[in-house]
Every structure is written in structure tokens, then in C-alpha cells.
Amino acid sequence: MATVKLIEYGEASGEVRAVFDDIMATRKVDRVNNFWKALANHPPTLVRTWESIKAVMAPGALDPLTKEMLYLAVSATNGCDYCTTSHTASARKAGMTDAMLGELMAVVGMANETNRLADGYQVPID
Amino acid sequence: MATVKLIEYGEASGEVRAVFDDIMATRKVDRVNNFWKALANHPPTLVRTWESIKAVMAPGALDPLTKEMLYLAVSATNGCDYCTTSHTASARKAGMTDAMLGELMAVVGMANETNRLADGYQVPID
Amino acid sequence: MATVKLIEYGEASGEVRAVFDDIMATRKVDRVNNFWKALANHPPTLVRTWESIKAVMAPGALDPLTKEMLYLAVSATNGCDYCTTSHTASARKAGMTDAMLGELMAVVGMANETNRLADGYQVPID
Amino acid sequence: MATVKLIEYGEASGEVRAVFDDIMATRKVDRVNNFWKALANHPPTLVRTWESIKAVMAPGALDPLTKEMLYLAVSATNGCDYCTTSHTASARKAGMTDAMLGELMAVVGMANETNRLADGYQVPID
Amino acid sequence: MATVKLIEYGEASGEVRAVFDDIMATRKVDRVNNFWKALANHPPTLVRTWESIKAVMAPGALDPLTKEMLYLAVSATNGCDYCTTSHTASARKAGMTDAMLGELMAVVGMANETNRLADGYQVPID
Amino acid sequence: MATVKLIEYGEASGEVRAVFDDIMATRKVDRVNNFWKALANHPPTLVRTWESIKAVMAPGALDPLTKEMLYLAVSATNGCDYCTTSHTASARKAGMTDAMLGELMAVVGMANETNRLADGYQVPID
């Protein structure tokens, strides 16, 4: 259960509604996720986080699918249930196939294994 | 300083040399990294880890560059100095440009931030 | 579901009851949290952990509210659901307002982001 | 060693110099830390991160010292050497005494211990 | 809820069934855990992970109980609910008593505490 | 470099010296590690941590070698360089052979891999 109230559109301030509207317009969806409803308790964090996410996840030198897969790899490594679930969904929406997810998780697993082997043996940088 | 001896080719057993040879042949390099020299202290782990890495990092539904970038994203998230350094190098070798690295790290940073915001507010899955 | 039985006051040994009594008296509450009921399976850990927490969280150079907020910042960073929930509650009880929680989480988020950027680029200490 | 070039003021673009100037003016220092010189390789990340840090760390419902101590608690928990070193320094500059640092680390240590005890026994939320 | 379908024996391919059969035969159980049903979505990861686990967890210089306890210590440290639950069960099956679990968790707690104290003070290696 | 002064025996207070004396007597060594010299900056933490470690690491339902190996497994997983180095040394002193270290790290590696696979697929507890 969230430790803060999830703020719904109908009860949100104008500043919060403007962010919710932009999220829905940018993502072409008709509702916002619980994450944003929680952040709405602190409007400066809501505004800053959304503006940052929007800029960081926009297509650039990396395409949106690659960015979503990187996001998922980090979220799985951190064991964040919410983010793993939501970014698996957004990566699929961006084009991630079952085979791509399988290979992504295989890489995430191996990286976590070898990270700890390198740390565990205190391997000096080449 | 490593907590185990780094085993050099000249002093390695035949089983270890065979793995070192395969690493050098597969990667088209003429030396193996310290990571493998450390794992050589426990040949079953050396063999298994190399066979796993070779299989997992081979091109498939995801291309080698994407896989290297996922590896780097995990390594940075885990704060593994050795792996971050070595996989930045291997990602560059696989084609990662400065602009791609910049965007990769921006995604890694944002994912770590929002992972902890989602956990910190205990946001329920949508 | 806990991997050990949660030991209730009525079924606890005298040693465990003495700790439960001290927790309730110190915190001015009439029940102990599940955390302590789980630790009661290993009385030495229950006694040691409670004595440590009582000493560490007592007012000193830092006030109790600041200590609770530090506890919450660590718990959110570690993604510990139980501790995040219970220390959000205890921080509120110690005086944390909604605005303070909002700023705390903003700092936690930024610190997690920049920690991984510093690690990700392997920035040398100044 | 950083995986990117540390960009010095003299060789920086106008956009980067403007951020460096603002960092020095805001913090009343005559140089910028290596962290910012590394981020300067990707100007959008430099700008966004600095603007975010400036906003998040400004006095509000929490004072700057409390914010710096929260930052340090997260950095120590994540094992980020760079951030732990730099935020210990900035917390001291903001007024953290030796006694406060001692208590802060005691809280960080206990929180890390009990986070893992709660996770280790899978204690259900009260 | 899993982000992939949990594949049951009755609907599995021959390659997957062969792994499921080997898991059940090796562990002398008549069903496989959800973990394997999830991995079955990517047969190469299922095969590789099972073969690795089977080799790594076999008796050798360390006995199976010690290996299960090490596995549990890592899982609790990573806050992995699934793995903590399943490896507490398998460690008990391998002979872990309540007293051993109590001492194991005490060590895990202290190690997590002192790891962060050492990092938090940036203690130089002796 | 440590963020606090490392306090040597010759300059320590009587309270700190008493702890240093007990560490040297208990461990049958003639010097204390840097970790304790750092903690000596905050005597209550020094006393509490040493008393806790002494109690937790004493032989009980688990023998000292098993406890040292658990400590090492946690330290490697957390990427704590100081603790990984010092607990590899103390585990060897307690009887850990090269073969045991090899198997320990293999378990640590696999546990880290499967922890993230379980989290990455959000596998429901059986």
C-alpha cells in the first residue's frame, strides 16, 4: 500500500493536471500510472521527474526500444517490482518481442553474476 | 589487489589454456583480461562462465551492441568498477558512440532515481 | 509470508517478553511490530538488535526526526518494503510533514541517480 | 580512471561553461568537481542534472544540512566512493560535526542491518 | 504477477520437458518451482541456468547445506523475496535448524551493517 | 582515503584502548585493522559494533568458518572492497581452502544471477 495518497485527476491541482495531461498526450494513453499519482503529492518532484523522463526517453542516438530495455535491465537489477512490471509493459509496447525479453534477461543475469565475481575476487582493472 | 593469484597463460593448466585460447580466438584479441585470469583459479567456474558469456552475448534477437550496453547499464547500477570499465570498452568496440554512451547513462541515472521513488512511496502496481 | 513463526507475547519466553515490554514502554505503544516478533525466534538477535536500535535512535547530536528520516532514506534505497513502510510511519510520528517527505524522497531520488552516474563514468575522487 | 575525458573550463563549449559558471556562483567556489567535468561530455545530462540538484538541494521544508546528510546516507548505502567522499565534505561544509557524522553512520549501519533482517525473514507489513 | 506466462509441463516443448524431468529427478520432487516455469519462456536460459545450478550446488569442497546457506545469505542481502523464500525452504530441507537460521541471519545483518560502515567512512584496505 | 582520521592506539582514549585491547586479545593479533581505527572516531559505535561482531561470530550452531564464508558472500554481493578483502583473509585463516573459495564464489555468482532473473520476471512465490 502506498505510503502517500494516490492523487486522482479529479482532485488534482491545476499544476498537477497539466502534467497529467502532458503525460497522457505524450504517451497517447487516457490515464496516468500510479507512479505519477504518488509523485503528485510533491508537485516540484512530479514536474521535474516528468520533464526529465520525457527528455531522457525521447528518441536520439538510441531508439526508444533500446532505452526501454536499458530501463528494464536497471529495474530488474535493483529489484524494483513496480518499475520492472511497468517497464516490461512499455518495452513490449515499444516493440520488444518474447525472444528479445529472453535475451535481455539472460544478459542481466550474467552481468549480475560476473559483477559479483569481479568484486568477489577484487579483480584489478586491466 | 586481487584476493587470488592472477594465472598467466604460461603457468596455466591445459584446461585453462583451452579456455584462454577460445577467448582470444572468439574475441580476436591476443591476451585475456584479468577477470579470466582470476577465474582460472577455479577451472569449473572459468569454463562455465566463459561458455555462458559466449552463448549469452552472441548475436540473436538482440545485436551485440545492445547486449553490451545492457551489460554496462547493469554494471554501473551495481557499482562494479571492473565491469563498468571493461564493458564501456567493449561497448565502444561494438560501436557505441559518445552520444550513445551519454544517452545510456542518462537512462541509467533516471531509472535508478525512479526505482527508488517507486520503492520509497511503495507505489502499488497498476 | 514470514519464513519463521511470528512469536506473540502470550507464547513468548521471559527473555523475549522482557524485550517486548521494553519496546512498548520506550515507544509508548501497546503492541510490538512483526519485525520484533520475527526476531524473537532468535533471542540473542532480538536482544542485541533492540539494544542497538534503542541506543542509536536516541536523541544526541542528531534529533530523533532526522534519524528517522535517515533510516527511511536508507530503507527506500535498499528497496525494503517492510522498513520503508514502518519508518515512514515512525518518521511521521516524529514530526515529518508531507512537505518534508516530498523533499526527502527528492533527495533520495537524486542521490541514487548521481551515485550511478559517478560510478557509471568512473569519476575519480577530486 | 574515468571512462570519459574530464572536460576543463578552458576547452568547454559555451553551454557547458554557463553551467560551470552557475555551479561556481551558486556554491561560492572557484572550480567545479570532476563529476561535472565528466557529465560535460553529454551537455543535456549536465544541464538537467545541475538544474535538478540545484532545485532539490535548496532550502525548503528541510534545511541544507539535513539534505546533505540524507545524500550521504544514500551514497554510503550504495557504496559510491566518489559520492560518499564528496558529500561527506559538503555535509561538513554545511555544518555537520564529528558527532553528527558518527551518529549518521550509526543510523546508516543499523538501517542496513535491519533492512536485511526484515527481508531475510520476509516479515509481513504490519 | 509474473511478466511472462508460467509454462506448465503439459504445454511444454520436449526440450523444456527434459529439463523439468531432470530437475524433478535430481531433487526427488514431483513438481518444478515457478522460477523454472518462468525461465521456460526462453529455453536456452532454462537449460543453461539449470545446468549451472546443478553443477554449482553439487557437493564438493563445500557441502550442500553450506551452499544453500550461502545462497540464502546472498538472496536476503539482495532483497529477493522469491529466492529468500525458496532457499530458506531448501536450506531447511538440507538440514538447517532454527538455531542455524538465527545465526545465519545475525551474520547477514552484521555484514550488511559493517559493509556500509566501511564504505561510509571510506576505510582504506589494510 | 578515509573521510575520518584513523585513530592509532597511542593517541586513543582509555575507552577506545580497552576495545582495541579486547580485539587483539580475542583475535590473537598484535594490531587492529583500519576499520576499527575509523570507528574509534565515534566510541559508542566502536563499542557496540565490536561487542556485536564478537557475539555474532562466536562459535554456536554454525562454526566460525561457515560464519566467515557467509560474511564474505554478503560482502562480495554488496561490492564492499574493504570487507571482501578482510573477510577473504579471515575466512582463509579460519580454514577456507582455495577449492572452498572457488565454490563459494560460484554460489555467490549464481545466486546473484538467479536473484535478478526471479525479480526480472516477477516470479510469484510458490
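To keep things simple, chains are lettered A, B, C, D, E and F as they appear, and every chain counts its residues starting from 1.
Here is the rule we use: a residue touches a chain if its C-beta (ideal position, glycine included) is under 8 Å from a C-beta of that chain, and two chains touch if they have at least 3 such contacts.
All of these numbers come straight from a predicted model, not from anything done at the bench.
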In contact with chain E as well as chain F, sorted by label, we have A, B, C, D
In terms of touching chains, how many steps apart are chain A and chain F, taking the shortest path?
1
With over half of the numbers shared counting as same, classify the chain D/chain E interface as same or different.
same
Gap in Å, rounded to a whole number, between the CA centres of chain B and chain A:
23
Separation of the C-alpha centres, chain C versus chain F, in whole Å, is 22
Among all residues of chain F, those touching at least two other chains are 1, 3-4, 41, 44-45, 48-49, 52, 56, 77-81, 84-85, 88, 99, 102-103, 105-106, 108-110, 112-117, 119, 121-122, 125
What does chain C use to touch chain F in their complex?
1, 44, 48, 52, 55-56, 125
Can you name the residues of chain C that touch chain A in the complex?
79, 84-85, 88-89, 98-99, 101-103, 105-106, 109
Residue positions on chain A within touch of chain F in the complex are 72, 76-77, 79, 81, 84-85, 88, 105, 108-110, 112-117, 119-122
Which residues of chain E touch chain F once you look at their complex with the stated criterion?
1-4, 6, 33-35, 38-39, 41, 45, 49, 52-53, 56-57, 60-62, 66-67, 69-71, 73-75, 77-78, 80-83, 85-87, 97, 99-100, 102-104, 106-119, 121-126
Can you check the complex and tell me which residues of chain F touch chain D?
1, 3-4, 41-42, 44-45, 48-49, 78-80
